[in-house]
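Consider the two complexes below, in which subunit A is the common component and subunit B and subunit C are the respective partners.
So, the complex of A and B:
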């Protein structure tokens, strides 16, 4: 379809400020292919259906909107956990602050090092899942990332990795504009847990491509900091082999604008994909979970569990889709999106979609929105629980279904304590 | 023969349902045509055609101006492409926009003067245009009191209304029921006030087209406090080839009134697809109630997708007054392509909107249908129950919007949509939009079951059913209730659908 002049100039203006290296290496070829994709699609505008509820302007414009540095005096997330730390400051890898990459069962490299190699496994993955994820819906900001990513980590998981790998993102410059691209290739029977924490930059565009082979497992827990003014658009692209498992949970507290897209293709029979999120927004906050799960194999299971607690004019968005292709029989698809509106100014906008071409499947898509249940509140108050505590308890109970998606006890407890901290601060 | 005959049906799907769907998708019963002399407007669409339609209907100048303005707007509009339907590009210049039987050139003064061929057509469809006659197929009519079985019919044949029954009796009750062309001439003050006030001229591509070229349709006005003494109905028949039907319906229920309106439609079997772009506007004032039921059975095309009606319809009800109430019920079995979203604007405080839909798509049919519930007033309520069934190679999409505006405090919505696939070559899709902008309202999209009806649920649960079974029973039972209550005696296929259950739904 022909692009409007406005879209073309928006795209050119944004691309003008980025550098896409020329040359004949596999990486430059992939980047230039991606550049052509962005130009072909054009960057998203408010009128685009896929951005109906989230204004993309601040994510697509050439200039970064300043974001004040936030220091809440919090302890580092996952502090007590035995993990391998890889630190980025404003989107740039910080070797001094990071641990040594040596870890049994996984080979870790910086994207720039992999890109410099003539022959590298990353050639077959970089931009490959992103490209697949462009159909049937365009995701131009992900293609832009592939074209112009400034840093990232590539991981080849060959065995069961004993310690989680923690990607830590610090935000230190008010105008940082980070474009990070990570690759995770998991071989058959291998398993890895990846944690992501921190706000990353004033504006973050992040892509993670995850290729999960047969019988392999990918576990992911992400905490998107409580930096008030940051903006982020992230994409997770995953392809799942036979009997493999993909489990991802994201907790988001504040941030002016966050759009997390998750695009999963179940290509092997009996695979499992679980994506969950708990978001708490206060005031000037928009949080958008956009999920697209494609069932293209038999007997696969997918779950989408998203909960949002909103107050003081915060906005929650959920666009979830389950696509069941012809032949993907015995699919079990589950999707729930719920919001708890703590006051009359907040809003929830949802589009829980199903597209089904196989007859022997079960897909559900529930969506609800409302205030705290007066009766439940009354019950607690009648038993002497103060109003604030009662509200917190009910809020935590509301979020529990999403948080319970985190299987590891230690990780889940950390998430719960973060949630409690958020609620407590709101009450103070 | 339908594609269904050699379809493998998965376990868990009720055999009675498969049979009922097979029956519906079988040979189209209304595919014959009436051989009658017609007069056509020249092919294509220009301002001259718009003028001609206006002239044929003997319209006042203001109506012509209205149409011409709509035509100008239409030229600037682009055909929407967001629906999950796929059809060859329509050449709007290859259509006839006006066709009427020659015998209607001089409008008959009463039904006795109507061309016997036209009367025979309706009689064959099961709709005798005689006031004393009971509509064909009414079971148990003999036991009913005479008052209860009266149905006033406005019969629209291609571009013109052939006749309207029981007009006199309705007039005595104060109800105006006539063709829209007659209303424009006889009740201009009402038409001027309300036409285009619910579906504005520039609302969407097809509505704008309709505003320019609508040729006939029905008009209903129920005065304050009047309960319409009988069911009103309009039966639309497309007969002429390559002719689009553009009808316009305007229903006004004044304060405290009540009316139940039914609509049926069929068309002959032809190889060429035909266009149908209608607009229905309903205005419901304080404490008034309107029930609008449709049995849509346009020719669906053959099993290879040849022919069939393209049904692009804009229907909207505006609950203007407090406690106004509207109920849309639709049974969709026909049309090659359906694009239709009967909607409710819940403007008055405590107003209510309901939408019940059963859409069955067979062979190569494509249906993209649903509703919009726009909650503006306080304590407004809406309920959406949609059942979509796909068989053969058909695609069936539910598309809907529930919008709770900031001022619509303490409002409620409950939505339940189920889809059933019969065979593995068809598709079922659900595209709900949910927008909640205040926190005292509750919106539930089939997530919790408690609000179906607490008492019924409790009853079922008490007898040992699990929650899911109980909901299925309550909802399916409810669905049957709706169908059985459909006052569409002339649409026997609706009765057949009572056998359908949504057991084995995919989502």
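So, the complex of A and C:
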């Protein structure tokens, strides 16, 4: 398809400010291929259907919009947890702040080290799932990431990893423009929990490619924010083998712009993919969850559970698709996206989609947008619970279905306490 | 204890008057019953006293121990000791029954300047009270009223009343939707709370409930007013002859 002049110049302008890092043969090939994909597709514009609800301008332009550093004096997320810490500051790996990479059941390397090698397992994964994820919908910012990522972590999981691996992102420069690319390759029967915390940069473009082999498990809990002016576009690409499990939950608290895309292919029978999110936005906030789950095997289960609490003009976006290919019989697909609008200025835009080519499947989807239930509020108040506390209780109750997707008790409790903190600060 | 004086109430959204001068005093230690035909304003009275939105008081007053309750927020009325057992208890998905009750108990204590109840103490107290009402651990753990049967919801109302220990209890058609066994259980729960310091206002259609919760005073309400007041025998008369005679008598 011929690109418009505007799109071409937008793309050239952005690419002009980036360089493709030198590396070993495989990495150079992968990066140049990705560069060609970006040029072929062109970067997204507002009039592109897939970006109808979210303005991509600030994510695609060459210049980073300045983002003030936010320090809410919060304690470090998950600080009470025994985890392996890998720290990035404005998108650059910080060896001093990070733990040693040695951990049983997983080989961890920095992307630049893997890329420098002429032969590396990463060759088969880097940009591979991203490329698959470009059909049927283009995701040019992910291809841009593959071409120009400056840092990242590659993990080869070979066993059941006992401690979570926590990727911690700090935002310390007002104009940082971070492009991070992580790889997670999980062998058969292996299992890992990855945590991601922090705001990362003034602008973040992050890709994580996750290859989950047969009977393997991937658990992911991400806390984005709270950092009011940062912008982020993230992509998660995953391919699931037989009987494997992919569980991902994201909590987002504020941030001027967030687009989280999740592209999952269920390629092995009896696999499970659960993607959930709880987002809280107050004021100048746009949060976009764009999810695409493809069922290409039998008896797989997928769940998309997204909840957003919006106030003071905040905007929530959900684009969620379940694609069931011919032959993917006994598919069990569930998708729900809901927003709680705490005032009349906020809005929620949702585009749920089902596309089914198999005849023996159960798929359901729902999308709602509403205010606090007056009846429930009165009931709580009639029992003596003050208005503010009652509203918070009902807000947490609204988010519960998403938060309950976090299976680990300690992680879930931490998420709940972060949500409570957000609500409490808005009541003071 | 509870004094309602010449209370006039309109529906806020419609030009409709529901209560047209209600006068009623419930003394501490007494059980008053209000009976009356459908649409007489019984439930409206209970909602207005509890502070629900949608009603406009145009005249009159309601005080609890001398304090004007109509000026208070619903939570302030609760902390002042007023409790409404709902005709239709609300289901609240996502909020655990136990969390709800503990939040309510401690919010009221805090509002009154009392110490909050510790988790351990709360657990001990609620277990004992739940047992009396045949409420099992599962019901305590489940979200508030979600998936509860009609009887379970009403028992849960009485459990809340027992935990909150209000001084003035209003029961709005607590017997509706109850079978005989459940009614007995609920009534026993209410009777256990009858003390010298506590007043009750029991709203019901039927005499049946009053066999179990014996009232001291019975009021008949019709068209937004109390039209007749008497002893327990008045309820029996209604049971036997319906409201027609009484309505005709005062007309």
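Keep this in mind: the second predicted complex is superposed on the first by the 424 of 428 C-alpha atoms of A that agree within 3 Å, B and C clash if a C-alpha of one lies under 4 Å from a C-alpha of the other, contacts with A are read in each partner's own complex, and residues count from 1 in each chain.
Note that contacts are C-beta pairs under 8 Å (C-beta built on N, C-alpha and C of every residue); 3 or more make two chains touch, one makes a residue touch a chain.
All values derive from a computational prediction rather than experimental measurement.
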Subunit B versus subunit C as contact partner of A:378, first or second or both or neither: second
Touched partner set for A:95, first subunit B, second subunit C, both or neither: neither
First, second, both or neither for A:363, with subunit B first and subunit C second: first
Which of subunit B and subunit C A:394 touches, first, second, both or neither: second
Subunit B versus subunit C as contact partner of A:116, first or second or both or neither: neither
First (subunit B), second (subunit C), both or neither touched by A:62: neither
Which superposed partner A:353 touches (first subunit B, second subunit C, both, neither): first
Greater residue coverage of subunit A in the superposed arrangement, subunit B or subunit C: B
Subunit B and subunit C footprints on subunit A, overlapping residues: none
Subunit A residues within the subunit B interface of the complex: 49, 322, 324, 326-327, 329, 333, 336, 338-339, 341-344, 346-371
Subunit B residues within the subunit A interface of the complex: 9-11, 82, 84, 406, 409, 419, 421-448, 505-507
Residues of subunit A defined as touching subunit C within the complex: 373-376, 378-387, 389-390, 393-394, 396-401
Subunit C residues touching subunit A - in the complex, by the definition given at the top: 50-53, 73-75, 77-79, 84, 86, 89-95, 99-100, 103-105, 107-108, 111, 143, 160, 164
